[in-house]
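These are the structures in question, set out in turn.
Presented sequentially are two complexes of chain A, the first with chain B as partner and the second with chain C.
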Partner chain A sequence: MSGRSRLQVLRWVVLALAAAFFLVPLLAMLDFSTRTPTGGRSGEDWAALLDSPPLVRAILASVQLAALTAVAVIALLLPTMLLVTLRLPWARRTVELLCLLPLAVPAIVVVVGIAPVYAWVTYLLGGSSLTLVFAYVVLALPFAHRALDAGLRSIDVLTLVEAARSLGARWPTVLLRVLLPNLRGAVLSAAFLTVALVLGEFTFASLLSYDTLPVAINAVGKRDAGVSVAASLASLLVAFVLLLALSLLPGPGERARRRGRLRPSPTFRSPR
Partner chain B sequence: MRRAGAGRAGLLAAAGLLPFAAVVVLFLLIPTVVVVVGALSDDGRPSLSGLTAFGDPTVLRAFARSTWLSASTAAIGAVVGALVAYAVATGAPDGVLRRVVTSACGVLAQFGGVTLAFAFIATLGVSGVVTLWLRDALGVDVFANGVWLFDMPGLVLVYTFFQVPLMVIVFLPALDGVRPQWREATVTLGGSTWQYWRHVGGPLLAPAFGGSALLLFANAMSAYATAAALVSQGAPIVPLQIRAALTSEVLLGRADLGQTLALGMVVVVVAVMVAQALLQRRTSRWVAGSAR
Partner chain C sequence: MTATRPAPPEPATAATAAGVEVRLEGLVRRFGDVLALDDLDLALRPGELVALLGPSGCGKTTALRALAGLERLDAGRVVVGGRDLARVPAHRRDMGMVFQAYSLLPHLDALDNVAFGLRLRGVAAGERRRRAMEALDLVGLAAQADRYASQLSGGQQQRVALARALAIEPQVLLLDEPLSALDAKVRAQLREEIRRIQTEVGTTTLLVTHDQEEALAVADRVGVMRAGRIEQLDAPEAVYRRPTTAFVAEFVGQVNRVPCMVAGGAAHLLGARQPVLGEAADGPGTALLRPEDVLLSAPGAGGAAGVPAVVASSSFLGPTSRVTVALADGASLVVQLPTADAAGLAPGAAVAVGVRAVPVLVRQPADG
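On to the complex of A and B.
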């Protein structure tokens, strides 16, 4: 018993110290962005987020880019993974490896070599910051793959598809009305992670000279640190809310539990 | 006949992989190949002359500093992160605490970047909240020996802000794999808490701990955004040297230097990731394997 209570004390001491280390800078950001030189309070730095035209443009660009990348990465990866699960099991390891590769090759290395590719992209599609979507889809692959893979493992894709097909459903129906509803959690989680990633990405945008939110935060910070701190805190909070909302979504296991099934039967997993 | 049909259908199905393959090839593999080929050639011919850059003292110092920064923040991150992960893992698996901690860790570890630099400018910058408070309330000048926040000590401090959370995220699954039966078996055999950690828990978790620490090392080595926002003058570490090489307009031929530096970085990071993958395999033999 004494060992147990000692463990509890240790646990809370560790958590309290960690919370202090991580909360102090966040509270300092709030204080820093609302104080005035005379010691009063003002919301000016926060108002600037929606007043200053370059910041507003950057926020809009980042939000559009985030939405576009989330849609693109799911539209690219989900059909690919379904195809691999249903028809091409031999390609599973390769697809997984390729999806994890962006974790091993540093973004800054890719930026160094991507100039010739982006010269073509700019030539064909123009110089809008939305063209970053291609680079961001690749950056998002590890996160999206992990999320979608967990979703695909929790349902029996083959049985669902065969059942739907044998009842006469066409492929679009199978995809949109049978598989997608079953994968809603996984798709949402892939989308949220991608949005959080894109809203914070700096390496590509800055070195390829596109004005996204993090690039603008950095540029504004050279003149007015208060506004940048406000924008930084805001984007950290947005990402936190996205991820917290994600953790509150019922996972595949939870849904099964609620249905009264204690654990997924072994056949309910695609073979590895 | 039947076989040919299946073959054709198989080919058609394989063609469905083309969009995915095209994106990965164009935006990940070609850039990587461009870097490697560019670093190992000169005017289109294979050449090792680019590698002479590794004899340049500035470049060597940058690699040494990057390695030191990655190693020290990986060590701090691994130890502190493991403790926090343990404190979280011993709580309720679906509890509020765990959800909040893992979400916060996810944000700081993976999506922080530039914002973390500004968090510390607000906290410990020249007119940061904590800097001013220490000066006014306690009479302590944290920058008595110069403004260290925008140099190596500052980078170490700010990097721990994403290294610790990353450790929590990657080490939690290993701790979740620890089975209460191991502890019970130790206690049944008369073992103490110390003996459990020394002979059972410690050795079982060691590969996961080592693998996570290596992942942290690679993560710090490749990080760019936080350092770029914090350090605007000079280029103490490799990613910032690459920035200098890419954005320099005065010196021609600096793009080659960028490719050489990038190749050096790839070599270090890939070596570390391979070691990490090997350790991961060892981990799963026990911690995840026990669930089989």
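On to the complex of A and C.
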């Protein structure tokens, strides 16, 4: 066997092992949630998911929270980081440090500190679980910062901005038509990470007594293990579908290709 | 003017054929303790290409960016076509700019890049496309209209950037070291192209460069900058042949420093009597002599007796050769001469050194 094909085999082995590592627990969950005590198969636990209004409410709340947090954290962080890149380069380290801080402080410590603040949030804005957005924006900062920072480093922001300005672009145009299209990947991965984080966050929601999906799954699990496992698997699938949908949004290059603007290279075109 | 190319295409920017006058008046810009622009004055005539030349940190890029509106000024006025631009932001200054760094928008193909400025100006799609194609044609890249920046070479990217800057039919074209990221051959080629296109469209142009060859080859006038001011603003030939200060002489081209004695408006050096450029007081000084103005002949040959010297080294540069000779007093001189004339000048050969009869710039102790 040549070195090359041996490498191929090794690759497949590693891939298979990794796939097994991730898939076996999921399959076990599927098996467990569809098994009846007598050994047969039943979709009862899955049906119970939709029959349980608190669970449905929690799923909706979590999805809304995830979307809202992703939008909020990007709306907050992207303009800030652009400002730092273009005008305040000396503040770069400070902003980076501030954004990484939530990662360094354990969640439980943050919750203890944030609880009195949330008494006021509840007083002012009501008890909707959507108010968790404020806490989640802070939690998502380190991940969103990393993703956006990588994107900003991959393009020459200053030159692109100045080129666009000299061509007559106002600031909003620069942001929407020049920077956003070129930071699309970074913005999307910041959104991915935030969504994944919010859909799985338990500590804050539980200790601040909000009914999000993880909290509801935990509550259900105390009564009915089958439904709880079905809900866990469902939430994983929801997150997976969401992330897949985000990553499949067409980029500018793909859009151009679909419009038929990308003609074959002139080298292969017959002379006019 | 366009004789270098058969049947040049109709200029994409014929509407701007009459360039505007540009005046920079008393520009001052401070970065902390550094005075980047020190009361800089510069006027560009309509349709003219002026090159600002200087070492890095002399303020040339700051001056260009101030004109573009990308740099705040501490004092001074920017007047374009009689209009003071103090309160006009960069995006409304109507200036086409080519940057040192590659600046094409990565998510757009070449055509859309060129059309970007037209789109912002609300030009209809068909017209936009036609004008963008014309501009691409002008830089010879019409066939690459559907390529993205990542599919173009550095030289092609800068050409597209030039087309993009010209497509908006700007009042003023600003070139910020547009060739410095390119390799020597492409640089020389694109230099010619920039000159041809600028002559064709007639847009008043400011070029910033640290490459003296580029400035001399392309510009109508060259402004040599030092420490935030313009030391000399003159035609390329004048800057080279008749520098007004020692800094200009030394920055633009090479010079030999030769001790001399000034008397009655003439400098005595190397056994010859040379007219002095500008003014010089009687007394000792240092003459600044170009390598090509030093003449070598066989010792004892007829004519004006030269100063005896010995060849120390010789290097072959293609059409010309550079020879270093040592004088009897230990001083050395660099001589540049056609390679054909440098045949017998091996190290150790005895030669006589003379000076071509050209005016020389003399630096005197009082000049500092």
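Everything below uses one rule, namely that the second predicted complex is superposed on the first by the 212 of 272 C-alpha atoms of A that agree within 3 Å, B and C clash if a C-alpha of one lies under 4 Å from a C-alpha of the other, contacts with A are read in each partner's own complex, and residues count from 1 in each chain.
Rule of thumb we're sticking to: a contact is a pair of C-beta atoms (placed from the backbone, for glycine too) under 8 Å apart; a residue touches a chain by one contact, two chains touch by 3 or more.
Note that the structure is predicted; figures quoted are calculated from it, not measured.
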Answer with first, second, both or neither: which of chain B and chain C does A:Thr159 touch in the superposed model? second
Tell me which partner A:Gly43 touches in the superposition: chain B (first), chain C (second), both or neither. neither
Per residue count on chain A, the busier partner among chain B and chain C is B
Which partner does A:Leu167 contact after superposing on A: first (chain B), second (chain C), both, neither? second
Who does A:Pro54 touch here: chain B (first), chain C (second), both, or neither? neither
Contact-wise, after the overlay, does A:Gly127 reach chain B, chain C, both or neither (first, second, both, neither)? neither
For A:Asn182, decide between first (touching chain B), second (touching chain C), both and neither. second
In the overlay, answer first, second, both or neither for which of chain B and chain C A:Pro89 touches. neither
Intersected contact list for chain A, partners chain B and chain C none
Would you tell me which residues of chain C are touching chain A in their complex? 68-70, 90-97, 99, 101-103, 105-109, 116-117, 120-121, 143-144, 146-148, 161, 164-165, 168, 174
In the complex of these two chains, what residues of chain A are touching chain B? 3, 7, 10-12, 14-15, 18, 21-22, 24-29, 31-33, 76-77, 79-80, 83-84, 87-88, 91, 95, 98, 101-117, 134-135, 137-138, 141, 143, 196-197, 199-203, 206-207, 214, 217-218, 221-222, 225, 228-229, 232-233, 235-236, 239-240, 243-244, 246-248
In the complex with chain C, residue positions of chain A that touch it: 155-156, 159-160, 162-170, 173, 178, 181-182, 184, 251-253, 256, 261-263, 265-266
The answer for chain B against chain A in the complex is residues 10, 13-14, 16-17, 19-20, 23-24, 26-28, 30-35, 38, 80, 83-84, 86-88, 90-91, 97, 99-100, 102-104, 106-108, 110-116, 118-123, 125, 128-130, 161, 164-165, 193, 218, 221-222, 224-225, 228-229, 232, 239, 242-243, 246-247, 258-259, 262, 265-266, 269-270, 273
